[in-house]
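Think of it as A, B, C, D, E and F in the order they're written, each chain with its own count starting at 1.
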Amino acid sequence: MFSHVKDLQFEARPDAPDAGFAARLQEVLGGKWGEMTVANQYLFQGWSCRLPGKYKDLLLDVGTEEVGHVEMICTMIARLLDGAPLSIQETAAEDNPMLAAIYGGSNPAHFIHAGGGPLPVDSNGVPWNGSYITASGNLLADFHLNVTAEAQGRLQVARLFHMTDDPGVKQMLRFLLARDTMHQNMWLAAIEQLKEDGLEEMPVPEAFPDAEQENSVAYQFINFSAGEESAEGKWASGPTPDGKAEFSYATRPMTSAPEPVLPAADPRLHGTPPLVGQPTPDGWRR
Amino acid sequence: MFSHVKDLQFEARPDAPDAGFAARLQEVLGGKWGEMTVANQYLFQGWSCRLPGKYKDLLLDVGTEEVGHVEMICTMIARLLDGAPLSIQETAAEDNPMLAAIYGGSNPAHFIHAGGGPLPVDSNGVPWNGSYITASGNLLADFHLNVTAEAQGRLQVARLFHMTDDPGVKQMLRFLLARDTMHQNMWLAAIEQLKEDGLEEMPVPEAFPDAEQENSVAYQFINFSAGEESAEGKWASGPTPDGKAEFSYATRPMTSAPEPVLPAADPRLHGTPPLVGQPTPDGWRR
Amino acid sequence: MFSHVKDLQFEARPDAPDAGFAARLQEVLGGKWGEMTVANQYLFQGWSCRLPGKYKDLLLDVGTEEVGHVEMICTMIARLLDGAPLSIQETAAEDNPMLAAIYGGSNPAHFIHAGGGPLPVDSNGVPWNGSYITASGNLLADFHLNVTAEAQGRLQVARLFHMTDDPGVKQMLRFLLARDTMHQNMWLAAIEQLKEDGLEEMPVPEAFPDAEQENSVAYQFINFSAGEESAEGKWASGPTPDGKAEFSYATRPMTSAPEPVLPAADPRLHGTPPLVGQPTPDGWRR
Amino acid sequence: MFSHVKDLQFEARPDAPDAGFAARLQEVLGGKWGEMTVANQYLFQGWSCRLPGKYKDLLLDVGTEEVGHVEMICTMIARLLDGAPLSIQETAAEDNPMLAAIYGGSNPAHFIHAGGGPLPVDSNGVPWNGSYITASGNLLADFHLNVTAEAQGRLQVARLFHMTDDPGVKQMLRFLLARDTMHQNMWLAAIEQLKEDGLEEMPVPEAFPDAEQENSVAYQFINFSAGEESAEGKWASGPTPDGKAEFSYATRPMTSAPEPVLPAADPRLHGTPPLVGQPTPDGWRR
Amino acid sequence: MFSHVKDLQFEARPDAPDAGFAARLQEVLGGKWGEMTVANQYLFQGWSCRLPGKYKDLLLDVGTEEVGHVEMICTMIARLLDGAPLSIQETAAEDNPMLAAIYGGSNPAHFIHAGGGPLPVDSNGVPWNGSYITASGNLLADFHLNVTAEAQGRLQVARLFHMTDDPGVKQMLRFLLARDTMHQNMWLAAIEQLKEDGLEEMPVPEAFPDAEQENSVAYQFINFSAGEESAEGKWASGPTPDGKAEFSYATRPMTSAPEPVLPAADPRLHGTPPLVGQPTPDGWRR
Amino acid sequence: MFSHVKDLQFEARPDAPDAGFAARLQEVLGGKWGEMTVANQYLFQGWSCRLPGKYKDLLLDVGTEEVGHVEMICTMIARLLDGAPLSIQETAAEDNPMLAAIYGGSNPAHFIHAGGGPLPVDSNGVPWNGSYITASGNLLADFHLNVTAEAQGRLQVARLFHMTDDPGVKQMLRFLLARDTMHQNMWLAAIEQLKEDGLEEMPVPEAFPDAEQENSVAYQFINFSAGEESAEGKWASGPTPDGKAEFSYATRPMTSAPEPVLPAADPRLHGTPPLVGQPTPDGWRR
């Protein structure tokens, strides 16, 4: 259960309107790596966590913080949308090429659908969707995804930082950059903690018995393209990060199976070949 | 540019048809973490790679291998679909509850749309889409995603391994499990290589200047839920994984910004409040 | 900003596992009219609300409650998924047609993707998406949508109530039914409050000047199908609900515009007709 | 069954081309609240209507009218797209900032995909989809949705009215505004008719027995956020709109259920904790 | 503009309920090649048609017929959904494995969302969307798509014909099969008519000047896979269907361009390599 | 299985950056008719092909070529994105309206998400998805789709050719135009080959017995709109393309079925009418 505090975690106040930047800022609100993703991902992971205690608390703490980040960015977008010209005619009336750029680069649905407010969409207006998040039940797999989410998220905020000169916007982005620094470190620490607690190791899932996999190719790099530059990396020789083997390098893929011939389908599916029991033009008897 | 060899990398031959399992196997073909995702993700990362040499070669090698995995699973699904009863009436005619389960658990589009072949969809029939992949231009962020993709992928294959008794299917899954073991190790090694080559460090993006972020909260865990179990983890105290600081723990979120009052929108957007310059029922002058 | 309390608002504890019902319950979690929709819709409406005071507080109160409902249903689904047979073979081993039905009617991704936990999807496994919500900036339009959301939501919960015999599940549904009763009443009262406060009237948007619309058809029912049963309703004669006019009834649509002939497109778009300035086979000179 | 008349219901003829406005006009064609939505929604409701007579006729009359509105807007968009510069070079050649704004603000697929014609998409180019419509089988729930659709629709047309100076475009918008006025009134009248005919009451579904819901919270407002401004509305005290009770106000949410501990999942799902029967680092015995 | 006639074009009356087949029948209602697709596709092509006369009339005639097919299938689905058991418990109570199969194979949203009616979705419950249709402005390209749509559509109806024993359902499918026969022939005839009228030829778009394309590869088959079976077809030698050339066959792809080295990105995008002007580990100077 | 060659099939090198054209070029990369579609479509058709020999080889040859076209266009987009101004401020600083147009017309996710690289999306930023492709199992139906894909594809490339003056971009488009010329011819030849080999005829599926369809309407054009211009085409009289009949023309649709009255739904679905066995306001006894 949740409760809401009216204050924002950090100020979201631009110095001036900019509908073009509002459209871009949507990427870190409703895009694949935006705040809606991390908020929902951590909460679903927390709600699905079958281990009470510090891991569940961690997930719910951070998921709850991220819902507040959604709120901050929504507030910022609403303010950035103020005062935009609504039509090409208004845009042209002012002799200001920046206005033409803003008109062209803005999200029309910000005005038509949302009345000057934020939308749960990305920087192209594509709606956020539930496939952006994963709560797999396996904490090590999920914590690696969470590191990724914070890395991609911080990368996107850093790029947005260079796309505006507005001091107020930059101030909020500075805050988000810092929290993403924290969260990258936090999930990396959580990975260490999981290992220290003996709960999981690489490769995920550790508990799947090694003997059941086809071990002849479990530590072999296979070269599928012309050139052998890929042999020069740490992934092609030397010890493997899971500490169980040495990498080997296969210079050419070896096939294990001859070309398959699929059986003819049920004739009621009306595929090609249409009938069974007759030679085909290629001499293959169905 | 690519060329195709007719042999499969590994045999894809079930011992018996099973349309219900064919539907489930779609998850690792066209689901979020399936082979279409890794194939496209690594190829896009490779095509976007601005650094010639071992990294670009690595990405294209592995992306090319994964297209072959798409082919293997497609072949397996086509064979699993053979001989399924097409109607409830046929299902009921055999006195076999397993057939009823298979009818219910199969993907109708396998027959109606694909004529007994695979589809680019997940285990619920939802189409694969391009938002499943990311090629960010930043290799460290992407390699973390790639570790994740292989961890989630191996987890899903391991689960599928327990969902069938078919020896031929299990054999192909053993091969996929082994390659996912390799690929988890490979991307972890690539992360180390990137650091050793001095190209990137955590937090991503390393090159964003520390002084530009709001450092007061860059290493602080903030407790947003009742209870303090989250204080017990390595993310709440001790050195941070990026080696730059010590974690601190804030027992209660501190707000930085008072409740925002949004300015009234352009009256031509017909929002609420509708007019400007008048007191509202709540006594707030617009 | 938000904080999380570990207790649930209401108990979510089934008496027995049922993976088939877990799949169905997803409709009121991640479906168009599920709890993710109302939670996000009310919060976005609250964050976009430009009028401080009771309306903004109302929206944030109820949106925050709904996030807790998401949590309750997630918990219920995780518990319903326990102990399901993972394969057709296990299903068949038990001589129990109910298990065959459950296998067929379950969501495979609950196991393969989510490891036995909930997913942000509907009862067919289609992901929730941001287009399900609207925060238009106009409170009267949005409150009508909110009444609808609670009506459709309660209807769906009532249907699910008849789809299970599990006492623990039914208990949680009773709670949700009651809250939906409250929320339907609440949004109806909020509509009255808006009118009483003089903020908006029907038709939305009230502030758009009547003189600017084509008033000759603003209160006219037009019969577009064979038969005139539609003339028998309150929408075809008598006073209009907005109190401004009387309904009239046009027995046959009258066209206002002759068949349009579109101008030929830019020849560089290579449409049909391909060229300009020549007679076409139909005798129409482009 | 349907038949087509070649005349338009109302003229759709702009005074001048404007590809930027054509992109925006798509919102009321293929957006969530556009004409494709109301046309399909009313027709599906009509086709699913199990009550012959005036309600079914009403739904099919209006659904059929709305297909004609789709046609009108398609015609308008095709004409607005004429004569746009196809390239940045052409745009720059004219010394006209308005052209730059139009180039930037247009939908490229209007030209590349549709050859200068309309598309079934919204103002950002996102395709219309079937989840935009609901035909629930319950007419009261659906009529509330229909009021909403016409309110949101009229709001969007009113906003578009301020985004152009083109007299011909404005003329068509005037017509649509008037029909939306009619349709808001019509669905409100239909709600009254349903009640007068004794078919349904609030809360939907009326027929669900009151005794089966958890009545202790069926009329209680619960305060989930700091501050108590929400107590000042008609939703917090006084009679409820369904005429069955008085609202009460709970100043603080009361939890009904202690923190749930989820059972460990099937070990074959390889979740965390990975094993059963052992103490975990948090001291919780699985 | 349209008008509605209450009679159906053909009877839609099953002999018995079958919720499992209702789910499958959705494929030809709301699937990629279903009636919603052809109805919308032909109407959009008609509304976008810039050539008045027989082509525009053809498109609107057939598009209008297809809306009536949507109505027929909707009616059939509503009737097929009657009398299904709502729960696993009811299903198990009857000692009938067919009921278990139906429960498992039905679409839960048919009951929960649509109250026993049709939905605008495919056989897996994925919503129909606007990207299923194309109206390109070029009639020859579109008529080829229309032949395809009718071929895929008839194929799917033929498959469904074998998935049921219900005489009433089969009767309606017989009607649809016949109309698809007509429509395949019709679009093929329309292709001939377009050519006879001198409006377009293959390759589309004919009007693009031959001299502007890279003619060295305009009629050359290139072998990209091991083996040369592809040389045995009419596509590898002999005259080309457009009557302009002879096919040639290249046994091995010849590359035209050396491996590209992408320039380093703007450093503010924080890609890899992060900096400019320094040698990288691979010796490539940025 | 596949292998990768580092050279491109054709040079992809623009003479100058143009982020606006990069956004447009995405249509033929990740749009409905782009290279991702044909690559995946032909490969899935090839993997599903149950007839070994020339057809399977053809499909895999061309599918493999198209993956290389994806690579070419990705390379071109990465280069077109170089040097774009990142902000409105930078845009305005240069006194160049072309830059304003480019800023407005570019895809923000190219920078924020992809760091200056391509994305698997269309020209509006909507992700590519698996429903764009079909592999039906019936080669004649699929080859008609493939002709269409190449016709729509060439049409779009031809349009893009007129949207840029960049010589390097035009050069690559010339190559793509030529390959689309080849591929249109190729699939037309493959249709002839299928017929010559006796594998399939029109109407698809040929093997469905004529006697099972409702032959009274199998060759009849039905006029559903005002006016009879549609009678003037080859589809309304004369021999049918399948060589089996003569077209006939019905001037007015004849209905086969009276208005259906749907049975009342299960009362537990709470539809309208809510109860059974009582007269309704319309006098219809449920």
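As a working rule, a contact is a pair of C-beta atoms (placed from the backbone, for glycine too) under 8 Å apart; a residue touches a chain by one contact, two chains touch by 3 or more.
The structure presented is a predicted model; accordingly, all values stated were derived computationally and were not measured.
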Fewest touching-chain hops separating chain C from chain D: 1
Minimum number of chain-to-chain contact steps, chain D to chain E: 1
Equivalent of A-B within the choices B-C, C-D or D-E, defined by over half of its residue contact pairs recurring: C-D
Relative orientation of copies chain B and chain C, as a Cα rotation angle in degrees, nearest 5: 120
Chain A and chain C, separation of their C-alpha mean positions in angstrom: 27
Between chain C and chain F, centroid-to-centroid distance (C-alpha), Å: 30
Rounded Å distance between chain E and chain F, as computed from the means of their C-alpha atoms: 8
For chain F, residues contacting two or more additional chains: 1-9, 32-33, 48, 50, 53-55, 60-61, 64, 68, 75, 78, 86, 96-97, 100-101, 103-105, 111, 113, 115-117, 121, 124-127, 129, 131, 134, 136-138, 140, 155, 158-159, 162, 204-205, 208, 224-225, 227, 229, 253, 255, 259, 262-263, 265, 268-271, 282
Contact set on chain F toward chain C in their complex: 155, 158-159, 162, 229, 268-270, 282
Sites on chain A touched by chain F in the complex: 18, 20-21, 23-24, 27-28, 31-33, 96-98, 100-105, 122-126, 155-156, 159-160, 162-165, 224-227, 253, 255, 259, 261-265, 267, 269-275, 280-284, 286
Chain E partner contacts - residues on chain D that touch it in the complex: 1-9, 30, 36, 40, 43-44, 47-48, 50, 60-61, 63-64, 67-68, 70-71, 74-75, 78, 113-121, 127-131, 133-138
Interface residues, chain A side, partner chain B - complex: 5-13, 32-33, 53-58, 60-62, 64-65, 68, 75, 78-79, 81-83, 86, 111, 115-117, 126, 129, 131-132, 134, 136, 138, 140-141, 144-145, 147-148, 150-152, 154-155, 158, 161, 171, 174-175, 177-182, 184-190, 192-193, 196, 202-205, 208, 212-225, 227-235, 238, 240-242, 247, 253, 255-260, 262-263, 265-266, 268-271
Complex contacts: residues of chain E adjacent to chain C: 1-6, 48-55, 86-89, 91-92, 95-97, 99-101, 103-109, 111-113, 115, 121, 124-127, 136-140, 194, 197-200, 204-208
